[in-house]
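When the chains are written out, they are named A, B, C, D, E and F in that same order, and each has its own residue count from 1.
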Amino acid sequence: MGAAFRWLMPHPFLTLILAVVWVLLQNNVTAGMVVFGIILGILIPWITSAWWPDTPKGFRLGKMLSYSVIVIWDIVVANIQVAWIVLTVPNSKLKPAWIVVPLKLKQPEAITVLAGTITLTPGTVSADLSDEGHSLLVHVLHTDDPDGVRDEIKDRYERRLLEIFV
Amino acid sequence: MMLETLAIYAAATSLLIGSGFVLVGVIGLLKFNDPMTRLHAPTKVGTVGIGMLLLASMFSAYADGDASIHEALIMAFLFVTAPVSANFIAKVNIHKRDCDTPPSPPRDDTWSTLRTPEEDQS
Amino acid sequence: MTAAALMNLAVIVAFLALAAGQVLSMVRLVIGPTSGDRILALDTMVINALGLVIVLGIHQGLEVYFEVSLLIAMLGFVSTVALARFILRGDIIE
Amino acid sequence: MSHWIIAPIILPALLAPFIVLAARYHIGIQRVFSVAGVLALIAIAGALAWQVSDGSVIYYRLSDWAAPFGIVVVGDRLSTMMVLLTSLLALFVLLYAIGSGWDDRGRHFHALFQFQLMGILGAFLTGDLFNLFVFFEVLLIASYGLMIHAGGNARLRAGVQYVLFNLIGSTLFLFALGSLYAETGTLNMADLAQRVTEIPAEETVGIRVAAVLLLLVFAIKAALVPLHFWLPSSYAEAPAPVAALFAIMTKVGAYAIIRVYTMIFPPDLEVTSGLHDLWLLPAALVSLAIGMVGVLAAKKMDRLVAYSIVGSMGMVMVAISLFSPEGIAAALYYIVHSTLAGAVLFLISDLVRTGRGNVDLTSQPPMMGTYLTAAMFFAGAIAMAGLPPLSGFLGKLLVLDASFDSTLVVWVWAVVLTSSLISIMGFARAGSVVFWKAHSLPTMEEPVEVASRPSMLAYAATGGLFALLTLHTVFAGQVHGYTTTMAKQLFAPDAYMSVVLETPGKLSKPKTEEEK
Amino acid sequence: MSLFFIVALPFLGALLPGIMNSAGRAACAGVTFTVSLAAFVGLLTNLPAVLAGEVVTARVEWMPELGLNFTLMLDGLGFFFAFLILGIGLLIITYGRHYLSRDDHMGEFFTYLLLFQGAMVGIVLSDNILLLLVFWELTSLSSFLLIGYWKHLPEGRQGARMALTVTGMGGLAMIGGMLILGQIAGSYDLSVILQNREAIQADPLYVPALILILLGCFTKSAQFPFHFWLPHAMAAPTPVSAYLHSATMVKAGIFLMARMWPVLSGTPEWFVIVTTAGLITMVLGSVIALFKHDLKALLAFSTVSHLGLITMLLGTGTTFGAFAAVFHILNHATFKAALFMSAGIVDHEAKTRDIRQLGGLRTLMPVTFTIATLAALSMAGIPFLNGFLSKEMMLEETTHTVLFGVWWLVPALATFGSLMSAAYCFRFIGHTFLGPVRDDYPAKPHDPNAGMWMPPALLVVLVVVIGVAPFLVQDFVILVAKAVIGGTADLEVKYIKIWHGLVPALYMSVAAVVGGLLVVAIFKPLLKIWDAAPRPEAKVIFEAIVETAAAAARGFTHSLHNGAFTRYAMIGFVAIVAAGYHAWATGTVGAATRDLQEAGAVPIAGWAMLVASTVGLVFLHRNRFLALILIGIVGLMVSIGFVFLSAPDLAMTQFTVEVVTIILLLLALNFLPKQTPVESTALRRIRDAGVAIAGGLATFALAYHYLLRDAVSTPISEFHLANSYKGGGGTNVVNVILVDFRGFDTYGEIIVLGIAALLIYALTETLLNGPVRRRLLNRLPDQPRAGDMHPMMMVVLTRVIMPVVLMVGFYIFLRGHNEPGGGFIAGLVVSIAVVMQYMASGFSWAAARIRYPYHGIIGAGVLIAGLTGIGSWFVGKPFLTSDFTYVRIPPFNEFELATAALFDLGVFQAVVGAVMLSLESFSRLAHRPNTPESDHPMDIDPSRDEAPPVVPGLEKEGG
Amino acid sequence: MELLVASAIGVMTAGGVYLVLRLRTFPVILGISLLTYAVNVFLFASGRLTVGAPPILRDDITAYADPLPQALVLTAIVISFGMTAVVVMIGLGAFLGSDDDHVDEQPEPETTEGET
């Protein structure tokens, strides 16, 4: 049963995403659309499964949702902050910095979500990964306390992601 | 009726906010004097700006009487892809030595971009 | 101010902001100086273009521009990555 | 509605993907299908030509939409003759390609060959100008593939120029089509012919420019000076059987000029007067001269042949630009001749290449298979230089005869006759160097490594083209009689137009009925 | 025998010797002789009719519309010439069989000879001047082959080309003349033309026609100033010289003048041109002949001289002149052929033709001596030999001929010519046969076998017989002369007599012979003067002219076609703009019928962007990477413009194509230089800019013109808008046009795309299997490379987003018929999704997991589209006719099923296959088999830290 | 609006022509691309300019932009894409074979022989 399920639906989360995407595309929520979306959601990952060989393990959807809410809030706040910096801080007063975030996360999917979150949130951009994948290089637009930024990243995002990607 | 009017106001407001953000993003792009700092402005501010425009579109559609949600899809696309775009551009800056050299990573040898490929070593 | 008038104003403002954004990005693109800047400028222009299409849709009250926006959102990213990969590796598919 | 008239387009268009799909690793199967397809084409083309030989017009609505709303394919005497000519040429060229092994020196020769045929035949048959553009593109892109088939540096470099020049041509074509649509609101040729008559005399620049741009497009195809520059290098560098097939491609341009400038913009049309009737003839004369001078100038046999193609197209265009039934009849006779003669010379040039490893016009020790090759070259040269008894001479007489009433008759005669002389000098010089002078050199101890005796099939294919040339000569009266009826049909396009415009289609009644 | 057979026999028989070559020399010559003999006998069967004054005709239509038909006629003149051609031909064949050496390819020789014979017979029997032209040129061609028969001799090759060029030129001129003649007379049949003397001579085109025809005659008959080719044709084997250059071909011009005599002669133009040319040729030829040391050259120039004589006679335009001309033709043919054969015998036996190495052969070769001497004396004009008779008639005629108003000019020159003629004849006899026997001949001379001397001997018998008893041929000559002058004029019958009394001609004759002897006596000092005098060498001049022409042609052609595409493009642009401008300038411009639409700030900003990026591209194009970005922006702006102007489908297509194009260009740019160097001069850039601005102004003006005016009648798209839903089942009219109204265009379009991919694939294969492969393998990156080949973020994102993009592609495909989208855009979207995967995880990793060969996808796509089209045949509808229906299957909404969608599926597949095959081919160029292939989709993956090492190969599920 | 579109066509044509006249294949191909844009817009403009009325049928609307030129341009875009790909590939092949991306043939030493 499990194996058959795995074969049919190698990435259940992806199936879900696709079904939602389909409904969004149709711009119209009807039963038929949802059913068709699910069918496509099964069919397409099945076609493309060769390119996503290893399924991420123990993904927690619920925690992911709450994480998303936090991130979206952060994005809104961060954007206002950055906009403020852009408009008010002169170039000479700007204090950009590199910070290095050592990673506890191992799964590529998890690291990618973290990196993405960092880029979308307060004045930070994920710039690079170390050559074994154990640290993340982040560029900060304007900070007096690089270590504080690093700690906040680890505390606010990585900790949560460690719970989502078990 | 009331809701539709509200939606129009919401749409207009979103439009104004969105265009403001767009503008700020571009100003940042133009203003900052370092490639890495320039990267911050448009990738994020711009993204939110477009997000607001999309929101405006949704409000506007609602005001016209046919509710529309598919704008969310575009928003999702933007939010998912923007970090990767930024990441690549940052890598370009690091690779071309167009920015300050980043500090070495603690556990590994170097940053992946800076590692000289084996086949190029001679 | 009536809702319609405000909306009209907002649309005009949005158009102007996006147009200005395009022009300013173009300036960055031409002056560079780094490849990263140019790619970034192009990426920004694509995003702004997407904004233009959205506002146009709002302005004309037409739904048909959705597909266009969707494509721009998806594919702008691809060209940004391709250009960056070219600078990084020379060969974009290796 | 009989479907046969689109068979010449559909058959290669299905055969080619089938070859790609099913036989791309098996050259033998590809050859069988390719030859079988061309044989079928010949049969179909023959039947179609027979069907319209009484002057009737076959008409086909694609997608069932009537002209001018949908695309139509139209077969009349002219188009079916061109289809038949192309199919016949294709057979021998294909056999040569197989016999010489050219088809196996790169990938996808047969698929490209079939697509090339589809493009050419489509261009001859379509009754819609934009569709003509599409078929031009099909035939062009297939020709790019065939031209660079088997690679090699010189060929690729020539290929770049060939493609680029034609891209400019395609762009020009679109400018012309845009102008035509903007001016008339239609794309169908027959409908255009009707609508241009409605254009008022006080507003002619639009249609005039459109007419001229279109003419220039076709002039590029027909390699008319000064738009001929793409031809010499690309034809010379193309693989021989490909160049031989290309002999029909320039005729597509000539065909299009004949079709468009007898039906849509006839010489007596007020709004476009003083354009093509003014400078087409001078340009044609210069082409003829430049081509034949090139024959004398060539340092390699393949260039020599390529220049002779330019010259012979000049001759064709001289006849066309008379815009009289006699001139068109002569042009059509000459088109058949120059297609066959040009093709045969390209194949002979390749026989020389096979026999001695190169086609330089320098004396080298005797090659393999000299006698037969030399005899063929002699005959081919006679044909191309317009010496009796072959059809080149007869064609030349027809052109000279038809030009008698032209105001530029002195120029026509002077250029035609002088350029003949120059080409005779050129061919004699080349033949003498390649085939005779060799005898004054000692035979080589060991033959050149790259040289080998051409295969029997290669000779047979070349001989087959000669047989066609001979038939074209022996039955010159019949052929010319037929091209004369063809020319008359072209100068009375009402029958063509009424068939195209008055046959109803899906959801539409003929225009004339609506007006009534 | 029918005239057709007489003409056709040599042509048909020409195949035989070639085939029979291996059967032996005797068989080869035998069959040739038989063929000739058959034709000869066939001719003789018509003799009674000819003698009875009838004109034998035969006619088959060839090109009736043109007026070129196989119309043959045999009258006295034709018979006379045909008799000469076939009769002498038999002798030449006999002679040639013995003359040719064992190394010579006899079959080839006789094949050419028979071809020539047929052509000659054709000329003299033609009743259609176009047909005559055909045979005329055939003689040029066959003589080209005969002269160049000894391919190893440079003189032969050169002589052949010279003869072909000169006579070819004349032939071409004659084409013009004949066509004019035919146009005036309204027919190309000689019999008709000969009836139209008045009309032709009154026509303003008479003089051009005359000059053109005479050009043909003069070149063929080696008349001054075209006499120079003939001596060089002597490089041919002697039988050829004897046949072509004395008896037959050179007489073709004479024949034609005789044939056209009734319509062309008698005018002042004819008289002046023909007589003058003949006279000069006669004198000049005789002078040159005297000083030639090569026996054959001497004879050749003597032939030139005698042809001049005949020409002059024809030029007088009197019937007596014509009569004398005919008689001299006959006589000249007999003695000259005999002389040539004798010279050939000498050459054959003594192995030299150089008169300076000869002498004293009288005793060694008595038979040859006798033959040659009699023939030479006849040529010198010694009584009782036939040459005397006709030469006297000539001299007689000159006394009545006044040229340029000077009465003594013609007689004096004619006498001088005769004098020189006698001189070279005496020299020929004296310096070859008389004198002491030498001991330094290259070979020991003796008389040849009878096969070689019998033919000339026969001729010499004729020489003597006619000379002694001219009345034997008198009737025949009269008959022929009558044929020449035609029915219109009366021949004042003159009997040929040996003794006319003490007429001026006799004095002139005597003076000529005596003078001739004197000249030979003082030959050595004369030769010194001759050698010292500067004189043009025809061969050198001709070769100089040809080489100059060829060099000029080369210079012209190669400087015009110098291989510079930029030049070709420049000329093209200028031509296009100029032609367009001309069309515009000569037309009329009416008032605008449409109003300008207001442009807001946004369009203006968009326009500014477009212009800025275009201008930027032009100025910054040397930085290729930047240029790529800029062209991308141009494309982007154009797309936005399409959106603005109500063309969402176009915008989507333009935008997706743009992305794929940029990927493609980046793949190529990887190999190319990244900078374009400055190479063109400022002047050139200014020039190019000028052309560019002209082109820009032209398209601007054109577009602006159309935009402000309506089409002349309702555009056909009204119909498309009205019937798109009703007849095509779709609300997206653009899509319905693409898949239905104009589906055939789309069918062609996907084929173009498919071909493009096949081409790119084929070329890649060719490159990878050729010399380029090594270069590619040894290629080093020209810029430093970053370390991360397959960055993690990209890979992870691709995993999620590629399926989504595929779904979007599917969505766009489905919606296309009613909303913006369709198979093409969907195909591009799907391709881009796959390309994303390629970019993320690399070519090898991604390609190994592709399940379908792209070739197959293209092929299937094009086939599906085609078969969908054919499908409509089965319901009796034309190709590509669409049908649609609406179905409802719960829980889904009602949806449309359309055949057009199936067609669109073919489009979709073809696009995906084509784009992917192209991109894949580009990638393969960069792919290096010797670099380690990654088994992982991404380079860096910390989750692999603890995992056991992956066994290569196991991972390739679905590959 | 008409002025903007027409002048844009003119500017792109001029830029295209200028680049086509350059000496290396890469700018020439870019020039062809510009020309392609220009002609596509020109062809599109042959249906005249209409704002806000895409030819997608709606119940309550009767005026639409001319759909035919749009379909033609779409075909033209696709075809020119194929052509661009092809010319890029052939140009690349030529460059790889000779290490030279000049579009003009480079002069080679003269070799001729007269026939005598």
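To be clear about the criterion, contacts are C-beta pairs under 8 Å (C-beta built on N, C-alpha and C of every residue); 3 or more make two chains touch, one makes a residue touch a chain.
Quantities reported herein were computed from a predicted structural model and do not represent experimental measurements.
*Asks:* Touching both chain C and chain D, which chains are there?
*Replies:* E, F
*Asks:* What shortest step count links chain D and chain E in the network of chain contacts?
*Replies:* 1
*Asks:* So which chain ends up closest to the centre of the protein, judged by Cα positions averaged per chain?
*Replies:* Going by the distance between chain centres and the overall C-alpha centre, it is D.
*Asks:* Based on mean C-alpha positions, I'd like to know which chain lies farthest from chain B.
*Replies:* Farthest from chain B by mean C-alpha position: E.
*Asks:* Relative to chain C, which chain has the most distant C-alpha mean position?
*Replies:* E
*Asks:* Whole-Å distance, chain A centre to chain C centre, using C-alpha means?
*Replies:* 23
*Asks:* So what's the Cα centroid distance for chain E and chain F, whole Å?
*Replies:* Chain centres of chain E and chain F, defined by C-alpha means, are spaced 36 Å apart.
*Asks:* What whole-number Å value describes the gap between the mean CA coordinates of chain B and chain F?
*Replies:* Those two chain centres are 33 Å apart.
*Asks:* Note the residues in chain A that touch 2 or more other chains, in rising order.
*Replies:* 21, 25-27, 115-116, 126, 128-134
*Asks:* Specify, in ascending order, the residues of chain B that touch 2 or more different other chains.
*Replies:* In chain B, the residues touching two or more other chains are 20, 25, 27, 39, 43, 47, 68, 70, 73, 77, 80-81, 83-84, 87-88, 90-91, 93-95, 110, 112-113, 115.
*Asks:* Counting only residues that touch at least 2 other chains, which ones in chain F make the list?
*Replies:* Residue numbers touching two or more other chains: 20, 28-29, 38, 40, 42, 45-48, 52, 54, 56, 68-69, 72, 75, 79, 82-83, 86, 90-91, 93, 97, 103, 105, 112, 115.
*Asks:* What part of chain C is in contact with chain F in the complex they form?
*Replies:* 60, 62, 64
*Asks:* Which residues, counting only chain E, touch chain C once they are in their complex?
*Replies:* Going by the criterion above, the answer is residues 600-602, 605-606, 608-609, 612-613, 616, 620, 625-626, 628-630, 632-633, 636, 639-640, 643-644, 648, 651-652, 655-656, 658-659, 662-663, 666-667, 669-670, 781-783, 785-786, 788-789, 794, 801, 805, 808, 812, 815, 819-821, 825, 829, 832, 835-836, 838-839, 842-843, 919, 922-923, 926-927.
*Asks:* Name, in rising order, each residue of chain D that touches chain F in their complex.
*Replies:* 130, 134, 137, 141, 144-145, 148, 151-153, 156-157, 159-161, 163-164, 167-168, 170-171, 174-175, 177-179, 181-182, 187, 233, 299, 361-363, 429, 432-433, 437
*Asks:* Which of the residues in chain E come into contact with chain B in the complex?
*Replies:* 781, 784-789, 791, 793-794, 797, 800-801, 931, 939-940
*Asks:* Can you list the chain B residues touching chain A in their complex?
*Replies:* For this pair, the touching residues of chain B are 20-21, 24-25, 27-28, 31-34, 36-37, 39-41, 43-45, 47-48, 68-70, 72-73, 79-80, 82-84, 86-87, 90-91, 93-94, 99-100, 102-103, 105-113, 115.
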